[in-house]
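Common to both upcoming complexes is chain A, partnered first by chain B, then by chain C.
Here is the complex of A and B:
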């Protein structure tokens, strides 16, 4: 996979991160190295391995359908939000 | 000539007590941001734990639509950035859903049946709600993390009529299983429609357009109609390639048009990958055994109503389409009303008196009350005609049925002694007519019956009167 300026711009958009002009070259280089490293995996022959193969055969734990609610915690979270009012989280308007 | 090709995605909110991955109560209409916790608010370090009831309900649904239940299913992470999802991703099942390859049958107008295949039903977490107000948006995350079963059909429907039949069947199955409230207005049964057109006879699938944001059967029909017209116009104008893109469009109920959701295409890079916070979900033999035993489904109930109560296919279809009305009828049976009268009094007399939107829960007449009226007809305490007055009166007044019959003086007199006395009196007062009758003017029988009915103020049982008059005149 070729990491170039176009791809980096797309990644910026998707990740909501801004990469400074002076760092772009370096980030592209690092990302290319990471991708090349991961590409090592394709040397493995996975022809006969199922898509859902996992190192452990454990299954996810499940819980009973019994409600609990600690209102202090959600009050705290709400109060620590950058902007909240009337028990709503407030964000900049998201539709035109 | 064009053919319409439609597939549906239905988001059914499962009616569990708690959310999909945390123990917060699921709620409708609770104070905003009260049913939240670090997990559904996606605080760092909080981990999802699967609600087992969600698996149970998925098994029930899969069984009802004759599908494969995957004993191992997997969760995947779908990334998207929007304030209704604090984690900026949704946990769903893309590659190996819990339910696959099912189908259900719809009954077409002409009496034939058509099978609509169900591609899959997968478990996923719902998002919160945004309220837009001036320069800001308010976010309520009570719904964030509520379990959804997304039911995806194959593109097997060819008209909006088939779409509505499919949705009604699916809706009643979900209600019969009691796995969801499936209330369209409250958003617990949300429908996305995928529509494309093709020249008749062509087997190829052309560009499909997804229409979102339609919350009633009526609007679904309308949305399909206007979107199909848009696609046909483009095809006929030779602008199909440019104008019809694979995209999501919103249906505008006021302007009666579908509109592109701008900018969504560019951002639609979901970067799906296996959810690292969850291992596979396993349906054990024991769990499968237990939850694949499901209650009677609408089609089964309908067939039973026809055979057990001698009901017409039509009435059975109407009554079983809604679980609540079917139960209403069954309660009347349990109360001891006769099936024949119960069917008429429920489908014609009661439902005819109720305005649209009234459900068994909001009906002023309970199943027990209607059964009491029907039983009074059955044992001839009142005539069918009098029963209509009783029902009308009961609609307006909270009162015992017996008391109403008494108050309105509608009790039929079947007491032969009382009727005989009345007949004797009337004969005595009309000796000339008695002679005429005995002389061969048999038409006069009606006169005597009428006089007795009048004297009894309509409360005499006409059948009994008829018998006595005939006997005495002979």
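Here is the complex of A and C:
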């Protein structure tokens, strides 16, 4: 599997990342090498293996759905946010 | 440096005096760059904390530019547990950015030196934690291990590093990298201290949905190095390893036999499949976990032309090269058209790896394994990402299968004098056997820093 410029552009979009022109060739090369390596997974026969993996054989842990709120955390997050006012995060204008 | 066990016996006055002296010592050895900064909380025994574990009021940044400006608003569960047990956080330690790396070179705060020789890396990603313990600048430290990030730097720095069973230690308050693999664990001067700290950290936590509800028994008070165990070595496991690793491996096998353990041979899948299953799984999860860093709610924002451009500018400026690579790769393995061939396939292979270990542990108590294919590399030698990924070959199957493992120093290499650590691996939730075997190996080998 070869990564090319078209695929890199698609991955940049999915990742919300921009790779500079001067680094593109190197990134494509590195990603291609890694993807070519992990292609070895296809050598293993996994036809009879379930496609879900779970670390624990126990069922999912559940708890009562009781709402809690430590308001200090909210306050601290807002105080240290890049831009906030009146208990809101300020973001660039979305609607013109 | 006094041990954790000794420190826990100090009076309040003695402890205060010790902490003052420790801070002076840290200040005098700044060039190691193991600590990012040295803030102190509470009156307990000081423990160094990796920069991805939340301590209320501390800047906690995963050594990333994107989290500059973030101040943690709460304690991780492990921090609350430590404080309740008479320990207290002192100093946050350097690491690879978002725990993605094997050398701590990808940190926003610059490189950390190996305490044995400043030309060599301390390992990673918990390189700062291992370096400060190895340099005698911390009694013990917390690290996190996603693919070897506690065990490998511990081995490179000549100290003990332990990764608990997945689910044994709460991850509430740990900056998430790969959620099905991450575990917090202790880095200490010796095996007994690791057991003491493990006991403090472990146990069920309702704030972490992956935290196990199985009964959690204390280990340190029941340590028994006289137990005779059946320990497996893996056929051909050291074929690709350096002479330094082979020498330590042989020495450890002889020591285990002389201590009365039975050493048997078993087989495992070729490690190249571990690497593939790991890098597909870890990058997929990392992509998802790191989507939250968009510059809106915390950390470092770079304003763009509009909201979308703000995301892109923030992330492109905030993340380093290795993190970007893993995000791109994670989106590749998760994207439509590739999902089945890579992500789903990797989960199936993961099942195979877990089943193999389960089979081995039906018959044996522990597995002995190298930690890395060689001693610590020099700075710059691991700049090729693929080369770095391949060096994880001995540690990542443990994370993929969720097993507990402990790395401990065996000897210093004849070639370059750098420490060689090996690991013991146990069945899930069998930490008692893991520590018993490690204590036996440690006391038979009797490693000292200068040997």
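Note that in this section the second predicted complex is superposed on the first by the 88 of 96 C-alpha atoms of A that agree within 3 Å, B and C clash if a C-alpha of one lies under 4 Å from a C-alpha of the other, contacts with A are read in each partner's own complex, and residues count from 1 in each chain.
Please note the rule applied: a residue touches a chain if its C-beta (ideal position, glycine included) is under 8 Å from a C-beta of that chain, and two chains touch if they have at least 3 such contacts.
In this text the structure is predicted, and so the values were computed from the model without any measurement.
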First (chain B), second (chain C), both or neither touched by A:73: both
First, second, both or neither for A:44, with chain B first and chain C second: second
Touched partner set for A:34, first chain B, second chain C, both or neither: second
First, second, both or neither for A:92, with chain B first and chain C second: both
Chain B versus chain C as contact partner of A:2, first or second or both or neither: neither
Touched chain A residues, chain B compared with chain C: C
First, second, both or neither for A:52, with chain B first and chain C second: both
Which superposed partner A:82 touches (first chain B, second chain C, both, neither): second
Touching partner for A:16 - first (chain B), second (chain C), both, neither: both
Partner chain in contact with A:65 - chain B first, chain C second, else both or neither: first
Doubly contacted residues of chain A, that is, touched by chain B and again by chain C: 10, 14, 16, 51-52, 56, 58, 60-61, 63, 70, 73, 77, 89, 91-94
Complex contact set, residues of chain C against chain A: 69-71, 73-74, 166-167, 180, 206, 209-214, 272-273, 275-277, 279-280, 287, 291, 294-301, 303-313, 315-316, 319, 324-325, 327-329, 331-333, 335, 341-342, 344-352, 354, 385-386, 389, 402
Chain B to chain A touching residues, read off their complex: 16-18, 23-25, 31-38, 41, 43, 49-53, 55, 72, 74-75, 79, 81-83, 95-96, 130-141, 266-267, 269, 271, 278-282
Chain A to chain C touching residues, read off their complex: 3, 7-8, 10-12, 14-19, 27, 30-31, 33-35, 37-44, 46, 49-53, 55-56, 58, 60-61, 63, 70, 72-73, 75-77, 80-83, 89, 91-94
Chain A - residues contacting chain B, complex: 10, 13-14, 16, 51-52, 54, 56, 58-71, 73-74, 77-78, 85-95
